[in-house]
Amino acid sequence: MCFLCFVVNFLKMKTKKVAIIGASGYSGEELVRLLLQHPHAELTAVTSRQYAGQTLARIFPRFASHPKSKALQFTEPKAGLLARQADVVFLALPHGVAAEYAVPLLEAGCAVIDLSADFRLRSAEIYKDFYAHDHPAPDLLKKAVYGLPEIYRDQIKKAKLIASPGCYPTSILLPTIPLLKAGLVKAGGIIADSLSGVSGAGRKAEVDYLFCECNESVRPYGVPKHRHLSEIEEQLSLAAGSKVILQFTPHLIPVNRGILTTLYLAPSGKSVAEEQIAACYRKAYGTEPFVRLLDGKNLPDTKNVVGTNVIEIAWRLDPRTGRLIVMSAEDNLVKGAGGQAVQSLNLLSGWPETAGLI
Amino acid sequence: MCFLCFVVNFLKMKTKKVAIIGASGYSGEELVRLLLQHPHAELTAVTSRQYAGQTLARIFPRFASHPKSKALQFTEPKAGLLARQADVVFLALPHGVAAEYAVPLLEAGCAVIDLSADFRLRSAEIYKDFYAHDHPAPDLLKKAVYGLPEIYRDQIKKAKLIASPGCYPTSILLPTIPLLKAGLVKAGGIIADSLSGVSGAGRKAEVDYLFCECNESVRPYGVPKHRHLSEIEEQLSLAAGSKVILQFTPHLIPVNRGILTTLYLAPSGKSVAEEQIAACYRKAYGTEPFVRLLDGKNLPDTKNVVGTNVIEIAWRLDPRTGRLIVMSAEDNLVKGAGGQAVQSLNLLSGWPETAGLI
Amino acid sequence: MCFLCFVVNFLKMKTKKVAIIGASGYSGEELVRLLLQHPHAELTAVTSRQYAGQTLARIFPRFASHPKSKALQFTEPKAGLLARQADVVFLALPHGVAAEYAVPLLEAGCAVIDLSADFRLRSAEIYKDFYAHDHPAPDLLKKAVYGLPEIYRDQIKKAKLIASPGCYPTSILLPTIPLLKAGLVKAGGIIADSLSGVSGAGRKAEVDYLFCECNESVRPYGVPKHRHLSEIEEQLSLAAGSKVILQFTPHLIPVNRGILTTLYLAPSGKSVAEEQIAACYRKAYGTEPFVRLLDGKNLPDTKNVVGTNVIEIAWRLDPRTGRLIVMSAEDNLVKGAGGQAVQSLNLLSGWPETAGLI
Amino acid sequence: MCFLCFVVNFLKMKTKKVAIIGASGYSGEELVRLLLQHPHAELTAVTSRQYAGQTLARIFPRFASHPKSKALQFTEPKAGLLARQADVVFLALPHGVAAEYAVPLLEAGCAVIDLSADFRLRSAEIYKDFYAHDHPAPDLLKKAVYGLPEIYRDQIKKAKLIASPGCYPTSILLPTIPLLKAGLVKAGGIIADSLSGVSGAGRKAEVDYLFCECNESVRPYGVPKHRHLSEIEEQLSLAAGSKVILQFTPHLIPVNRGILTTLYLAPSGKSVAEEQIAACYRKAYGTEPFVRLLDGKNLPDTKNVVGTNVIEIAWRLDPRTGRLIVMSAEDNLVKGAGGQAVQSLNLLSGWPETAGLI
């Protein structure tokens, strides 16, 4: 694109006002970072019960050099007020709280991008099974679009309510869905072994996540039935065309950011060749700006994706066991949370999908 | 010593029963570790409001292989009961709480080794100046012995109440006191720049000490008037024979354990030579089991002392500035807390000073 | 045992002289630490080409407080000399080099405990397949005992050449062998997903293991055919009574020490109950001093085993997938290297198996 | 500035071609990152003896999503060729090597921005004193401009050879120079105690910088005469108008990036008030885009500047000692290396000083 075309396009793009409810957690803070540097979005409100009345610059000194950081104050989260301040509202809230904001904001005409798990499932029954309480707004489940742009790009463009996927689901779904859709691997017996940085636990003042409890420590947790299984299995089942039951083991490792997932898959036929896998991934992601297919001897490494919206994927067919090993790496706070949400914002706003993300 | 003499001596040593009040913090846990492996002390009680009724093995799996860990249960801290269970009681409590246990325990005839700051000062006025409230038991201040064995060995042997020094004070006092006593450095203008691992902040569920807030972070804090200044200055003044005002800057760094202190001192005369410093330290510490004087090109490194009761000390005379730079490294939970307290236990019990510490 | 019996037993125990060839790597250094504090072993020689002529205190300041550290100098590794200095010689050498020392030392009458992979396989063919060169001393393969005390205790007691297992194999074999022997899990389809601290790579000056390349990084490596597979599969096959092919994925994570392994196993029958697994493990390891079977909600955490010779094991039957998930944690340099080697030393010397290890 | 003015200005800006000699170290890699995202600079060549012939995408997977990363290959460093490929050449080379490239590049008409210490001193004698060999191109020393934009902005705009300051010097000079120029602090007796992340040591395959040697370790080094002292003292002396001798103690701490410096200064008169210091800093840096003056209770924290070109500065007057404590935090690879070099590139190119840096 010539520079002049770029300028003309740029001028035609309508700026949108955006707000973040729950901007004091790690995902919320990452959204702040991305939206402050976004060329078309204007951050007009950030809420935090804890920090209401204080400026962004005071609470997050890292943003203090941004011109807006001294003008922007945290406010109490009030849906009515936010609906007047913003066209699109991000919800970076604990699971179970998002629905009470989503309903009035949608009614007031805002688009809502929810980073919690509240709208990620289509089935209210499965929600209850995994979250142990009734869904607070079951009607909205059907209206919500699962915000994985590489899979649901067209639906996201037209959505009013986006359920942005979690960090573990993204790291598992993007490598697995194309293989299931192409019938290259069996839907049964899939294993996902995931390693997550500590920011995945949120900015919670709990002893388990103190520096001295995490540093020089590696540990599995939530074995064998982690809550995120529900959304992962629902999406895998849609891709496979049959019910998928997943074995999923999350581990906590001492890094701030990053998820590394190792997947164990069974090729569906005896004749699956390395080249078929490669072709399947090239077809699915060859032109995707945020999926990096590794070739040669390279294997994923979280340090190559931290701070970016990229997911790295590599695979190996093991001739000794017959299995297909697929490995992915992403930044849990970017492609696994805030970055992916901004990718959806770009799509539903008609902006370039990579705006503010590269 | 021949092996037979060793056995005879060993048999003559009277075992003592010891208890820990506040055994769930980092210092308390380190005391548990040291006392479980101690050849002469028998750990008979550990208290924790939070964990009362649960076994040591359950709360601290790292001790679960020790035969006592399943029998020993955390109890509520009750001075009367503990006085019947133990000859010596360690207090690993927050500052300001220790006094309420020390008084009844001493009255009941127990020896008390307090790891808090409550009895480290001789002056109730200075206590009030730094801790902003009246001292709860000012009479005990004069009876307490400052538990720095390399300086107060003889007093500790006869003490009933020992105020075990904090981690920062130990890292500053041991390198500085011999120089002040020998008159080799000036009492004025001393600067101590200290770097501490995160366990120094205790096992407190606060956002500031979460993994993601400490990892990849380095920061000063408590500038310029840190509470520990009071006990450091009192001890330095005693050594110098005149009032010492210290410049002290603590920093938090992302390691679990370890304190590295760099001291900036002014030689008192023009003629101070490297050899005078070396001789002063050799005289003070040449036979000390827990002070390692580094020679040659070696400089202190916390990784060489972590897990041990050793403090490393090195020094350099800078011909360009005329200053004496002294550096020390210690484990803040061992020589800076639990290990030093056990060293005092050994002294007041008539056991070898290194028992259970090497 | 009464104290007098202890003393009598202690006096009857014959001290042995031990030496370490290759004492400057991480495993060698850990052996030095363990042997310096061992009640019955006397460390008489440490070799290192790089540090020959320098004292232990100079090269490893952390040992400088030990009385022997200034007397003990690193020497050039010469088998003839070492055979006169020691009854038992540890080889902490790179793979492929150990054989040239083992042969003359054994001929000279020494016992040899080899920490490399050189004698861990029974088959010279499999060795060649995985290590890409002929085995230098194939006759010794049959004489060597695989030094996993919980499995080969009786053989180790009588052995002259012990092939001490690697860190990954230990973390996989101990949790899996009892289940295979009892026929509770299928021999086919086993997956081991392992996370290792960086010391597992050795003290090698390579860019890949620099602090900045490992910190804030998580990455798989050696996928899918890691060298250690050969010894793991041979041992698993012996336990199963049939050929086992293992899926093994090692990952590098930013901790100094520790291996966490997650195993995915298929129960062999439909009726396998939690209690059968528990009973199997209790029978195998209920009285083992260095195997800690976790119950209740506890899961393994490397921070609970680092610095000890303990391996933690926990398991979960997943009713949703039908799989058995087994997780283990160990210190790769202790139970995965030096500690396990000392455990073998204790066995072949007739000392208590836990001597110097608790 | 209105958007249209922005576009017009943008179009008027002439793009420049830039090259990096030595792009495989940490500073070089950071320059690659900054220049790939720069709006006006076009990266046309990167050199590396080690990686010649390989693409940027292969060696640094983190850049693989950038469109240029597959086209741009590392080449052998040849000054003649580079002079034809670039208008401005960055030298990210070890000290002592830069001069041999600077001379031919300058003769060929390129501007040179050198990140080594080779041209930072004005005096060839001081160079020899600290670097122990004659300066290879003493004539250039007088032509070089010290690339600290906040101090030498006007000279940088017209310079052909820029000696970009090191990370320690930047962290010390920016907080100190305004105070010295204003006569608020004494030129004598200044102490700088600095803590640096490990990337400051470069991507060198040395045992000292292995993960396991740095993690859980804190240590001083280079005490008392570090090489960087020469450039710091020269610049401080210029600011003070008299010879300054600095006490400087660097420490290595386990973070990838970041320098935290604590400065101990003596106010020059009895009457120096907090407000005078504040006014001095406001005057010097109040409108500087990359200097963040902290107010209120905030103290510098490296995590707030990592990844940015910002230096944070805070200060405290200590009424007990009479000293002024000044603390600064910066990213050693950005404001301390690559970012500052790009800031100079912007200045000498007539671009906005913040281009590509915010």
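Labels A, B, C and D are assigned to the chains in the order they are written; within every chain, residues are numbered from 1.
Methods note: a contact is a pair of C-beta atoms (placed from the backbone, for glycine too) under 8 Å apart; a residue touches a chain by one contact, two chains touch by 3 or more.
Please read these numbers as outputs of a predicted model, since none were measured by experiment.
Engineer: Greatest Cα-centroid separation from chain A: which chain?
Structural biologist: B
Engineer: Counting C-beta pairs in contact, which chain pair has more, A-B or B-C?
Structural biologist: Of A-B and B-C, more C-beta pairs in contact link A-B.
Engineer: Centre to centre, by mean C-alpha position, how many angstrom separate chain A and chain C?
Structural biologist: The answer is 41 Å.
Engineer: Centroid from C-alpha atoms only, then distance chain A to chain B, rounded to Å. What do you get?
Structural biologist: Computed value for the inter-centroid distance: 47 Å.
Engineer: Just the number, please: Cα centre separation of chain B and chain C in whole Å.
Structural biologist: Using C-alpha averages as centres, the distance is 36 Å.
Engineer: Could you tell me which residues belong to chain A and also touch two or more other chains?
Structural biologist: Answer for chain A, listing residues that touch two or more other chains: 197, 213, 215-216, 254-256, 301, 303.
Engineer: In the complex of these two chains, what residues of chain B are touching chain D?
Structural biologist: For chain B paired with chain D, touching residues are 189, 191, 193, 195, 197, 213, 215-221, 223-225, 245-247, 249, 251, 253-258, 260, 262, 264, 299-303, 306, 316, 318, 320-321, 323, 325, 327, 329.
Engineer: Considering the complex alone, what residue numbers of chain D touch chain A?
Structural biologist: So the residues of chain D in touch with chain A come to 3, 7, 11, 37, 58, 61-62, 64-65, 216, 289-290, 292, 294, 296, 298, 301, 303-305, 307-308, 310, 312, 358.
Engineer: Can you list the residues on chain A that touch chain B in the complex?
Structural biologist: Per the stated touch rule, the residues are 26, 197-199, 203-207, 209-216, 254-256.
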